[in-house]
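Here the chain labels run A, B, C and D in written order, and each chain numbers its own residues starting at 1.
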Amino acid sequence: MPEVIFPLDSSKKFEDQEKVGHNRWHPEIPPVASVKQGVSVRIDCREWFDGAIVNDDSAEDILNAPLLTVHKLSGPFAIEGAQPGDLLVVDILDVGPIPQEDSGPLAGQGWGYTGIFAKTNGGGFLTDQFPDAYKAIWDFTGQKATSRHVPNVSFNGIIHPGLMGTAPSAELLAKWNRREGDLIATDPDRVPPLALPPEPQYALLGGVSDSDFDRVAAEAARTAPPRENGGNQDIKNLTKGSRVFYPVFVDGANFSLGDLHFSQGDGEITFCGAIEMGGFIDLRFEVIKGGMDTYGVSENAIFMPGTTDPQFSEWLAFSGTSVTLDGKQHYLDSHLSYQRACLHAIDYLTKFGYSPEQAYLLLGAAPIEGRLSGVVDIPNSCSTVYLPTSIFDFDVRPSASGPFQIDPGIGAPRASAG
Amino acid sequence: MPEVIFPLDSSKKFEDQEKVGHNRWHPEIPPVASVKQGVSVRIDCREWFDGAIVNDDSAEDILNAPLLTVHKLSGPFAIEGAQPGDLLVVDILDVGPIPQEDSGPLAGQGWGYTGIFAKTNGGGFLTDQFPDAYKAIWDFTGQKATSRHVPNVSFNGIIHPGLMGTAPSAELLAKWNRREGDLIATDPDRVPPLALPPEPQYALLGGVSDSDFDRVAAEAARTAPPRENGGNQDIKNLTKGSRVFYPVFVDGANFSLGDLHFSQGDGEITFCGAIEMGGFIDLRFEVIKGGMDTYGVSENAIFMPGTTDPQFSEWLAFSGTSVTLDGKQHYLDSHLSYQRACLHAIDYLTKFGYSPEQAYLLLGAAPIEGRLSGVVDIPNSCSTVYLPTSIFDFDVRPSASGPFQIDPGIGAPRASAG
Amino acid sequence: MPEVIFPLDSSKKFEDQEKVGHNRWHPEIPPVASVKQGVSVRIDCREWFDGAIVNDDSAEDILNAPLLTVHKLSGPFAIEGAQPGDLLVVDILDVGPIPQEDSGPLAGQGWGYTGIFAKTNGGGFLTDQFPDAYKAIWDFTGQKATSRHVPNVSFNGIIHPGLMGTAPSAELLAKWNRREGDLIATDPDRVPPLALPPEPQYALLGGVSDSDFDRVAAEAARTAPPRENGGNQDIKNLTKGSRVFYPVFVDGANFSLGDLHFSQGDGEITFCGAIEMGGFIDLRFEVIKGGMDTYGVSENAIFMPGTTDPQFSEWLAFSGTSVTLDGKQHYLDSHLSYQRACLHAIDYLTKFGYSPEQAYLLLGAAPIEGRLSGVVDIPNSCSTVYLPTSIFDFDVRPSASGPFQIDPGIGAPRASAG
Amino acid sequence: MPEVIFPLDSSKKFEDQEKVGHNRWHPEIPPVASVKQGVSVRIDCREWFDGAIVNDDSAEDILNAPLLTVHKLSGPFAIEGAQPGDLLVVDILDVGPIPQEDSGPLAGQGWGYTGIFAKTNGGGFLTDQFPDAYKAIWDFTGQKATSRHVPNVSFNGIIHPGLMGTAPSAELLAKWNRREGDLIATDPDRVPPLALPPEPQYALLGGVSDSDFDRVAAEAARTAPPRENGGNQDIKNLTKGSRVFYPVFVDGANFSLGDLHFSQGDGEITFCGAIEMGGFIDLRFEVIKGGMDTYGVSENAIFMPGTTDPQFSEWLAFSGTSVTLDGKQHYLDSHLSYQRACLHAIDYLTKFGYSPEQAYLLLGAAPIEGRLSGVVDIPNSCSTVYLPTSIFDFDVRPSASGPFQIDPGIGAPRASAG
């Protein structure tokens, strides 16, 4: 096993560990460890809410999830020799849930969760159609996930980190705050908000000194969106065997990561759409000197996905166009067309006995694929969502004999008030 | 070979054939043939510009492409027993280029083309960055495509029809015209336009009688966008072996199709991004009675893709977020984030010696995959574009040794004026 | 379409064509055409019995199949620049059944056949268990094969030539005749025979002159076995997109080919186990000068299979060891262990309602995979045979509910006397 | 984590553990644990030589490997409700190397080994060509294996148990001893031997009582070969996600397993061809009552392989026929034709700078595929071996430019005397 450079004790809170991570982006957060190129290291990761979401049949925890506290990031790690302008090469050697325990209280200890977030607390891709909070607990058996809240499906996990990235420079951070502030200013009271400004409350800043804390907390960027440094890209294909190339903006790159997922569908559509969990990841770093300019990668990661993802040979796919549910034509809006494709898939699955929320939770968590199929055929873009048919334990294909009827069981728990 | 129910003579124009197709959607276009369920039939298809684009080293034909004349559709075909409310099941048994000839003047006769359309004549996904007209000719060798205009790449075709669909009802047609007219009215002089209104000029309406022609031509919908009936979905995965389910809106379904592609990348990003060609397609139809309601499929096709597409095990992927090139933050705009991902891929490829236009043409034509990776992480969506590395005859991966330099050859022809 | 350098008229016998092929290997058979390197060419191929097997519900034709007349080979083709010691690179650009006709009398015209050969006329892999002649007709619909004689299965063809090879030198031919003669001499009256000696009767020798004919016919090798020159390898993975490297033994390489299959299982176990048909193949040749020595390929083809074969994600596999049916232990005999694995698969399929012969025919024709799983665990080798479950239209997996029962239909026709 | 029903302490010998396994097959070896159907359990497994092979640069340990002591099997486990005539369904939920340690002395602790066994001590598939003992150590980095003894290759492990099986009944055991004894009697002094008779020396029989020990040890079957009960099948595809169906011969089935491999090529051709290691496996059991008769599975396992094996899209394949190296023609001998295919692959790889032994070790350990391509074309069978090209860090394909030359490094260690 590689050396553990960021250990986590499952019985303690994230801020009470031997090494303390962070939940904001800022260039002044000091590295917790220095790593040589070419050496394999293991890093433990905490699930993004640090235990606030529990393994039960209620969604009150989702309704009240503490969004100001996320994401719990392991790091930063300084990579020896990395300098601004370089490309940081990150090999994901292995990644998995918390080992060695069975039924502990922490997501990753044999289980994980997916949530539909309330419109008043985060929202989601289809929040207009699904404004209330729901939860699904998934149990892990080997590499398979199943759920008492979403019956008749099981699928292999495609375990990956939702969030990995390098630290921004001061200039880059300022740019983020400026452009996101400009967006928020166009509709500052919107629910859910257009973007998330710096927020000192609940800021966790690793080894930032007391004297600097308040200033840094007031500047540091929230971790929700993906940005030039990678960040919360939620790319489900960054499974083990992947190689990712990040731009470097500060000396040492100061790489951080977290938000492990046991599985996720393309888009992570329920907001907390993946199967969230804590776990470990084994990484190895290299540096391509001057690679940002040499390869024209000044922002956003490029990557080569792993080759051991589950293989599916049969898919059922749904398409959507950029017309709203109430019939308004939008111009080449692929976000909308993917919403419509997902809604079509949900409508379809309800014909088999699933509640709409069960279907929505399933699309967030299962290894579905979302494609930008047509983006130029004015005025309609065409997006498609692909469901692997073998994750269902019944025949989910259309036929003359009509849909099989499942027993929806106890259903997905719903919170008391949206 | 199945019976040819819509033959085309490659030496004659599309409107001079034994059976004449159409280039607009209207419920009153009468079927050219009636087809029994369960019977295999062959249908010839003409390339979408009916020979206006030629195999040469100039892009003047792309600049002046007659957009009012498209698409050349074979059909409509009435399927016996199909009625409104049914689902029409379409099996793509086989599809390929025009057989039996070598180097004829018609796309599909051993070659095809991809165009970047000028901003003044159609535009494209990246028209702000690429306002001028360019062309690439692709030669077919067996199942492989190569181009003198885009060197050092070759790939297997994933042949598919860009456009298939059922006829709209009068009500559905009226709905299309209303909502698209509303959109156009918001900026009627935009270049390129927001949408395409009915256009009698160059309308081809199959067997519509002279007395009805002018009225029908004034109502009939243009074929550019995908809509409730399927239509120009440009889904590259509808290759042979696919099964597609279409809603039926009129008696007989009145199914039409055309716009065959030898290959296409997800999105068909250069507007005429696929490798356009004429050819043949073998289909078989069935009907699921009442299937629209039974399965909740009231609009847009659902489908099961074929299982014999080329297999790639290694990809190089690029990500983008919803920030414009000049730094403005947009809110969860997946169309924009896919544009940025594609621009990142183009920037990268130019480091190997390709011109930006060669890279753009390649992304339109090769079997790239476009994914909606993250759609909820406010304010940035994250889209990704995947390039199979094995289509390049050099090592396209980043490495410490820097990019290999290709010889870009004669380059992609550019039209005289944008 | 590439130039047709070996055309066949489906209405005429193989020996009455414009260009006449051959059915024996001999260095003195002169080339029918000369081909430049790098140029695509099309070659028509006749099914191996030249029309003796017909599309009906009788197996008398299989019982009496004229084994002395096979294989009908197109060629030889001289490749410009090829010399002994070179490697001949053959790219299979495309391959398919006879185009342009529907229900003609020749296999390849929309149908093909599989035969269990009688022990008295050829035999087969399991001839002790299946001594009598049976036949199955397969119908082609697009890329799919189905059979009225083997119901409830359908599968995509993996079309390939069963036989391709270069001409032997005189020395190599002499070596073949010597070693095969030695084997025959150990049991000259065996039924079926151990090997097939040169046989002047029915020898077809292309352009060999009358004065040389008798001598050449007495020396020329039969085409049944694969040998140093490639030959009848029956490798089902030589589908389109494959690249094959053959040793060159004579000037020009004198490449010949034939015995097209619409599909075949690994091993072609019923002797005529593939789905036999006539068709066309598009090839392109190159030469690696001195490649035999440079790469150590002095005999037997090496190859890179194509990448567009059907994709299966679920298989049901059977294993066997080198113990005979009556309990005798053999020493590490992988041929026997594969026989036992196939017999286990046949036993299993009969539990679903298939006759043993239907199951045997299916294993010969469908894209099953045969693996040498363990070859060192004395005294038992372990071979395995993999069946893709999705070729069955019922659930073929073992379960507590027991096997589904098919209607075996009219069954596979059996010849009157074994 | 599932309950560990068979724990192993890496610091102790296999026979000194809390629960003691066995290394022979006998119906009277009592179960070490009873397992309920449907419950996930974890079982630790020791590498087959229990630490006799060490991580160094010498092959003396391979030369002197204690073959009488193998295999170290975990079990037997009694499955509640299983009775003779049933099928035991075994789901492999997960399998991996020894967790939680880095560089310990036991194979599985971050490394594994492959050996070419000396002809005088075990032999191997190509023992006539490779009579001496060699060793390669493989290091595990995440899911990848690399070796200082076989440079320029790396590949994902396809971790699997080489040996799983149910206990034989007394009748079945007697049958084994009879038929294998009959074989040995045909050449009792052969080196290597034809088969392995019961051998009391070093017999480890779990909980067999002292009073029964000598009798049982004299009867118990060696574990080398696969047999009716499954056993040492060495099927590399029994990776996680696999479901295996075993015939049940005794009450409780008495299932045992061991011999974990980090990777293996089809055939495990070097005898100890896999990458041997200790580790863990998570299993779940079910029973199909009366399944042996219902499904016709009276012997040898049937199975459904997992779906997360590494995906390769490009292979280089070698073929062989049943002619010996010195030119003697054998009759349809697939064992011989696979030997010849493997020798061709070895010859080829030496042209790139590998020693023959390095190439042989590589073929044993890497995920190569061995196919029975043609088994009926008298007198030659045709076997093929497929190498995934992407496991090499250079271009291993034939080309006009000739083979790349690797640095073979320190080479594979060779033992002092054969």
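Quick note on the criterion: a contact is a pair of C-beta atoms (placed from the backbone, for glycine too) under 8 Å apart; a residue touches a chain by one contact, two chains touch by 3 or more.
Keep in mind it's a predicted model, so treat the numbers as computed, not measured.
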Checklist outcome for this item: Contact steps required, at the very least, to link chain B with chain D come to 1
Checklist outcome for this item: Two candidates, A-D and A-C; the one with more touching C-beta pairs is A-D
Next on the checklist: Between chain A and chain D, what distance separates the C-alpha centroids? Give it in angstrom.
Outcome noted: 40
Checklist outcome for this item: Rounded to the nearest Å, the gap between Cα centres of chain A and chain B is 32
Next on the checklist: So the centre of each chain is just the mean of its C-alpha atoms; given that, what is the distance between chain A and chain C in Å?
Outcome noted: 51
Item to check | Numbers and ranges of chain C residues touching at least 2 other chains | outcome: 307, 311-314
Item to check | List of chain C residues in touch with chain A within their complex | outcome: 311-314, 390
Checklist outcome for this item: Note: in the complex, chain D contacts chain A through residues 1-3, 40, 91-94, 99-102, 110, 141-144, 156, 240-241, 282, 284, 307-312
Item to check | chain A residues touching chain B - in the complex, by the definition given at the top | outcome: 87, 89, 123-125, 175, 179-180, 182-183, 192-196, 224-227, 232-237, 245, 266-271, 273, 286, 288-289, 291, 294-297, 299-305, 307, 313-321, 323, 327-335, 338, 340-341, 344, 347-348, 350-351, 369-384, 386, 389, 397-400, 402-403
